[in-house]
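These notes open a run of structures that come right after.
Each of the two complexes below includes subunit A, the first together with subunit B, the second together with subunit C.
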Partner chain A sequence: MYVLVLWLPLVSAIISGLWGRKIGTRGAGRLTSTCIILCWGVSCIILYEVCLNGAATYIQLWKWFDFELLTVSFGLQIDVISSVMLIVVTSVSLLVHIYSTGYMKGDPHVPRFMAYLSLFTFLMIVLVTSDNYLQLFIGWEGVGVCSYLLINFWLTRIRANRAAMKAMLVNRMGDIGVVLAMLLMYREFGTLDFSTLSGLSGTDAPHMTAICLLLLMGAVGKSAQLGLHTWLPDAMEGPTPVSALIHAATMVTAGVYLIIRSGPLFEKSPMALTVVTIIGALTAFFAATTGVVQNDLKKVVAYSTCSQLGYMVMVCGISGYSTSLFHLMNHAFFKALLFLSAGSAIHAIGDEQDMRKMGGLLRAIPITYVSILIGSMSLMGFPYLTGFYSKDLILELIYGRYYIAFAYWLGSVSALLTAFYSMRLVYLTFMTETNARQGSWDNVRESSRAITVPLCILALGSIFVGYIGKEFVLSNVMSPIVANGVKMIPLLFSLLGGSLALFLYVVVAPRGTIWLQGLPIYPFFNSAWQFNHVVNHYVIKNVFKFGHKVTYKVIDRGLLEIVGPEGVSKICIRLSQKISNLQSGLIFHYALTMISFVVGFLYATA
Partner chain B sequence: MFTEGLGLIFLLNFGGILHLISIARKDADRLREVALKWSLAILTTTVLLWVIFDGGGQFQSVIKFGWLGGMTLVFGVDGISLFFLILTAFLIPICILVSWDSIKFLIKEFLLCLLLIEILLMGVFTVLDLVGFYILFEGVLIPMYLIIVVWGTREEKIRASYYFFFYTFLGSVFMLLGIFAVYSETGLTQYRALCNCELREIVQNSVFLGVFISLAIKIPKVPFHIWLPQAHVEAPVAGSVILAGVLLKLGGYGFIRFTWPLLPEATEYFAPLIMSLSLLAIIYGSLTTCRQVDLKRIIAYSSVAHMGLVTLGIFSHTLQGWVSAVFLMLSHGLVSSALFIVVTLLYERHHTRLTRYYRGVAITMPIFSIIMFLLVLANASVPLSSNFVGEFFSLMAAYEYSYFVGIMASTGIVLSATYSIYLYNRVCFGTPSRYLHLPRDLNRREVCALLPLVVLIFLLGVFPNEGLVVIMSTAQMGAAAIE
Partner chain C sequence: MAALTHTQNVTRLYRKSLKHLLSWAIDRRLWRRQALELRDRFDANKDVDHSIALKLLQEGEAEFERRKHPDPYISPEAPEGTKWERNLPPPPHVLEMTPDEQKWYDDVIKYGKK
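Coming up: the complex of A and B.
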């Protein structure tokens, strides 16, 4: 039965992808949703069996490679991490499937869309249930491909095309790291299985550090950490359900999952762990600063995802893998909620994404407002909501490690900024006087039930998952003992950030916004620290120029042709012209040629 | 039974050629049908050859011919040549299918050329004699040259065929000299006997250089590669398929056969040079590919990069290197052939090969877009495609050889994705271009030609083990012999 969790989404993807015309829009929606519901049911059973009853399972399907060099099997390995990931993936995927049937209504390509979503779910399940790095890599690349397809879903839009390509290629940068890490593992230990690798003892530290840093590189690409994060905000060009499923809840957390999975390896390399913390903390801070000044509703949420992923990576760096997994799970719920309700708002106001052209939606679409408010509160870590349990714990754990105090402060400041942009988002979108165009404002109404029901379920999840889940996931984590004052800092920062936003926008508005935009640092933050500019203008452009001007024009179509066939044919023609001059008809010319040739020949053979 | 297997293949091939000759020239449909049936029969036989193959590393199904002045020409199959036989037999019917309508004149001669190429290739992949190898190796050139010159599409084809002939012929001179040197040293040209001989180092080095230049031109290695894009661009689709699918593999096959087993010391000596050339091929080839605008040229240059990975495997002197080289060659034979077919299908509809004129093909040709997407993924070596298996083991070999080589070679992961995805994005996505008229999706014949390739590519990626085991056993035999 466990194997069903793997095949159901694949079957539904194939059927609705290839025979979408036959089963129709509603058929595709029903078929894929039913399959994912079954899949979710199975993963609930798996969670019960594996997590509560402690019966970790391994099912081998077939041997992918089985010869002298390498043995890698294709199968399902389900332990606590996998089962938690499974439940996250299938529940968010299920809700997104249902949501999409409402959100994509009227689109001619719904069956294709549902097929992509199901295919993505399948590959994500492959990723989280594998027992070795190579099978993980199938899912890893596969979800990248699906993300490419889904960002590109509205394929006539050039911006979507660009964003999709960017996502794929930047991810590939990270994939180099994963491939090199696998090769190094194979070279040093001769295996790619998690179980064997985690059982290693007394290994060579430099290689471990290299492996871990390379894995980290993969995670940086997939989880949009600082350096390779540029694809994530651009990926918001895709349909909103895609952003919720792929770019918030599941795919982007694959990098974090990789680090959690490779925890036993990271444990052997203190240096790699420190790097992990630094990168995580920097990402959390960077993305929060950028999120504060974005005007696109989805981009704010995207940067906030980036920032939260930073938290997850950061806490991995101090060996808090369970906490990271816990935050991953919580984040999946409240961030999916935020995205889906943002989508609902965008849908309602006529596909407008700029927050400056929204406002006043509070009265028009109350369910969406409530969901976005709950999601934001949860994200800010408001006490006893889902986000609170993990975010607070992360900051406390980080505080316990005195030698990376800066991570703690970056994390706390990010918490402040998170609260700031969350409140800003809520205020600009829902509370202030409306700035929408009359035409779109007149048509604003709450979305259909297919959209609101998933929102309500996710809202419940964003309230309760943290409270319930901490028993499952955090059973082996001891809360660190810190002074009460310190314990209150994250909460105080959050409250401060939230009130600051309200103060700026409500009390001193519109001077507050002007003041904000007048800050000299504003353009820098608004353009996401100029990463795109630097990469595009100084790296990519030059590489492409080199590919055309040097390798193609100068060498291939120049040098090699002159030295090669063109030159030879020219020389041949010139030479034969000269030699033909020898045919002068004068006997002594012929005699001289003959004699010199004979002499030369005799000399050479003698 | 097995001993007759190879003979049966040759016989069938001859039968096909004779049958074609006996058919009247104007009966075009019958000509095509007959050629297709014979080539399918050959394919079946080669697959049967695999079924009864005993999995050992030895040469099997050996047949001997009396030949010039008492010499005997020996043919035999081992785990490496077996797959090249199957690849050749697999691609020929596909060539016939895809050029069903596009070849409009001299059909009989065209089909004869294809079957002639097939029999010559079968010979090259099984012959166990240096002189025999040389003759057949060069023999393939003639029908190939004819295909480019006669059935090519543009006037540029003269130049392309000149490039093709110039390079390959220049190379073969050196190979012939090398074979002479071996013969004058040992008095032997038989492959299996030569494997047990040890040549002097100076002889080895000079022979190696000769053989290397010839094979490097064929494969092609970077300074000798400029004939390839030219020839590909001008050749008709069947020409491109055979060129990319099998002819390039002759170089790699020759490297596997002749470098390590016959010239171990020279190979060891020159390996670093070739490794660096391979790295150059990967990076340089990929960078150049990224900026091409001609569809066929893009695929041709990407072949240069992929073949760089192949030689990287062969000269790393590791078992995984050998295995990866064979596997990657097979897989590249399928992927790039399929891509050439895909590109030609576009060309046949819109009569341009410049990417600038294409946009939004996905809207008008959905089936085409699905197939092309799968192929582009395979070209970018996404896992579960056969290219991934080859590339992974090849990188593994490179890494085993040296960290630096491994790391440099792995940049190919990003670069190959860059040009593949860019190609696809450019052609299939976006608003439909106004230059594209006649938005006709693939017909049944075209799907029949492409689908086997696509299915095989992913089948090999999901279940690579059967093939890998056979290749591995042969590679182990070879490695043991070198030690």
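Coming up: the complex of A and C.
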């Protein structure tokens, strides 16, 4: 039964991908959705057995390769972390599959789309159920490839091509870190198994900090943390269900999963943990400031994802792995809801994504409005909604570590900004007078059931998952004891942020002042702190120059050519010419040579 | 391409200023008031001497550069828009099509010609 969770999505991907024309659009939708429903059912049973009955399971499927120095098997390790990840992946994937049957209606390539989604689900399951780093790396790279294929789904769009290549290349930077970390782990410990490594990590390995920092590099790339985050906003080029499944709920959390899974290693390196906290806190703050001034509905949610991933990484830095996993689970539900609701609104208003051309949708699409409102409030950490249970706990745990107070304050200010952009999103999209074009507005209506049913289910998840999940994910986490005033700070900041957004857009803006126009900070935040410009201008340009002048011209076409093929051939030609000159055909030349050698020989032996 | 006339330069500056102003204002009623003020500024200088007009144009371009929106609104169907180039039909000589694809292709071409 456990193996079924792995094979069902693969089977549906193969059938839908290879025989998509035979089974048709509707057939592909039904087949893939049915397989994922079964997969979700198995995940529920696994969750029950592992989390509630405490029966962690290890299955060795086959020996992958075995030579004297390293043995790697292909196996499933299903513990609490894996089972929670499994339920997250399959739940969101199931709802996204169903949603896609409605959202992608009319697109000529639906079977291909459904095949990619299923293939992604399979590889994500490989990633979260693997029992060693090498197997995890297959899933890690596989989801990267699927992300590339899905961002580039509308492959005739140049912008989609660019975004997909950017995602692929930036992720490769992080992947190099994972590969190097695996090599170091193999050198230090001689194994790549999670269970063996967690046992061996008690020994003092000299390169533990390097291993952890390299693993962190991989996580930074995959989870879009500050420095390698630039691919995530651009990845919104893909269809909205892709954004919900891959770039909000599952693939981007793979980096966080890697840190959680490597927890025993990170615990041996306090320096790496501090770096993890710093990167997480900075990402949370940076992404929140950028999200405040975005106008594209999907980009607001994308930066919000980046910010929340920052929270997850930040809490890993203070060894709060369970809390991070809990926030990961909660975030998957409310962020998938936000993305899918955004997709529903975009779909309703003629594929318009700019919030400046929306507004007034409250009465036209009430189910979508309620969904996005619940998702936003859960994201803001509104009391007793899903986000509240993990976000507040993260900030309280961070507050308990006095030596990283900056992380607490960055996290709290990010909470304020999160509330600001959430309320701004809701106001501009639904509450203000419409600014939509006549042609778009005339056709606005609520989406089909294939779209609204997943929204309703995710809305329920965004309300209750936090309350239910804390019982089994946080069973070993002691809530820190902090003063009531401190406990209230994140909530007060959230309320302040939400109120400020409403005040600015409801009260200040209609009085005839374009208050943003004069602010020099607006272009800075809007362009994501000029990160793309800085990276392109100072890093990529110099790397290209170095690549062309040094790597290509000096090394490849210079040194290696001289020492390598060209040099060898030239030497051979010269040598052969000289040797051929010796054969002159004149008897006294040969006699002279013979005499010289004989004299030399006699002299040497004398 | 021939150089633009002064009138063309001024009308283009006016047009793009209006567009960027709408990107800032969002609300059309708010934009309307600002747009009228902008129109007044252009009208006030419409009969000035050519040398002064050139200087004013330069100043206007500089002001536009200072105050333009960093992320102006782009219609989904326009170049660089979110629907631009989505599912472009392939050129017919590239692919041998099945009857279903042929039907889809014909539909798309028919839709595009409307």
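Heads up, the rule we're going with is that the second predicted complex is superposed on the first by the 529 of 606 C-alpha atoms of A that agree within 3 Å, B and C clash if a C-alpha of one lies under 4 Å from a C-alpha of the other, contacts with A are read in each partner's own complex, and residues count from 1 in each chain.
The definition used in the following text is that contacts are C-beta pairs under 8 Å (C-beta built on N, C-alpha and C of every residue); 3 or more make two chains touch, one makes a residue touch a chain.
Note that the structure is predicted; figures quoted are calculated from it, not measured.
Of the two partner chains placed by superposition, only subunit B is touched by A:Leu560; subunit C is not. Shared-chain residue A:Tyr384: touches no atom of subunit B or subunit C.
When the shared chain is aligned, subunit C comes close enough to touch A:Asp351, but subunit B does not. Once chain A of one complex is fitted onto chain A of the other, the partner contacts of A:Ile158 extend to both subunit B and subunit C. In the superposed model, A:Glu433 lies in contact with subunit C only, and not with subunit B. When the two structures are aligned on the shared chain, A:Phe601 is found in touch with neither subunit B nor subunit C. Put subunit B and subunit C next to each other and count what each touches on subunit A; the higher total goes to B.
In the superposition on chain A, A:Tyr590 makes contact with neither subunit B nor subunit C. Comparing the two interfaces of subunit A, the one with subunit B and the one with subunit C have residues 156, 158 in common.
Considering their complex, residues 21, 23-30, 33-34, 67, 70-71, 73-76, 80, 82-88, 98, 100, 104 of subunit C touch subunit A. The part of subunit B that touches subunit A in the complex is made up of residues 162-163, 166-167, 223, 226-227, 284, 287-292, 319-320, 323, 360, 362-363, 377, 382-384, 389, 392-393, 395-396, 399-400, 406-407, 410-411, 413-414, 417-418, 421-422, 425, 428-432, 462-465, 468-469, 472, 476.
Across the complex, subunit C is touched by residues 21, 107-109, 154, 156-159, 294-296, 350-354, 356-357, 428, 432-433, 435, 437, 509-510, 512, 514, 516-517, 522-523, 526-527 of subunit A.
Touching subunit B in their complex are the following residues of subunit A: 62-70, 134, 137-138, 141-142, 145, 148, 152, 155-156, 158, 161, 164-165, 168-169, 172-173, 175-176, 179-180, 183-184, 186-187, 543-544, 546-548, 551-552, 555-556, 560-561, 564-565, 568-569.
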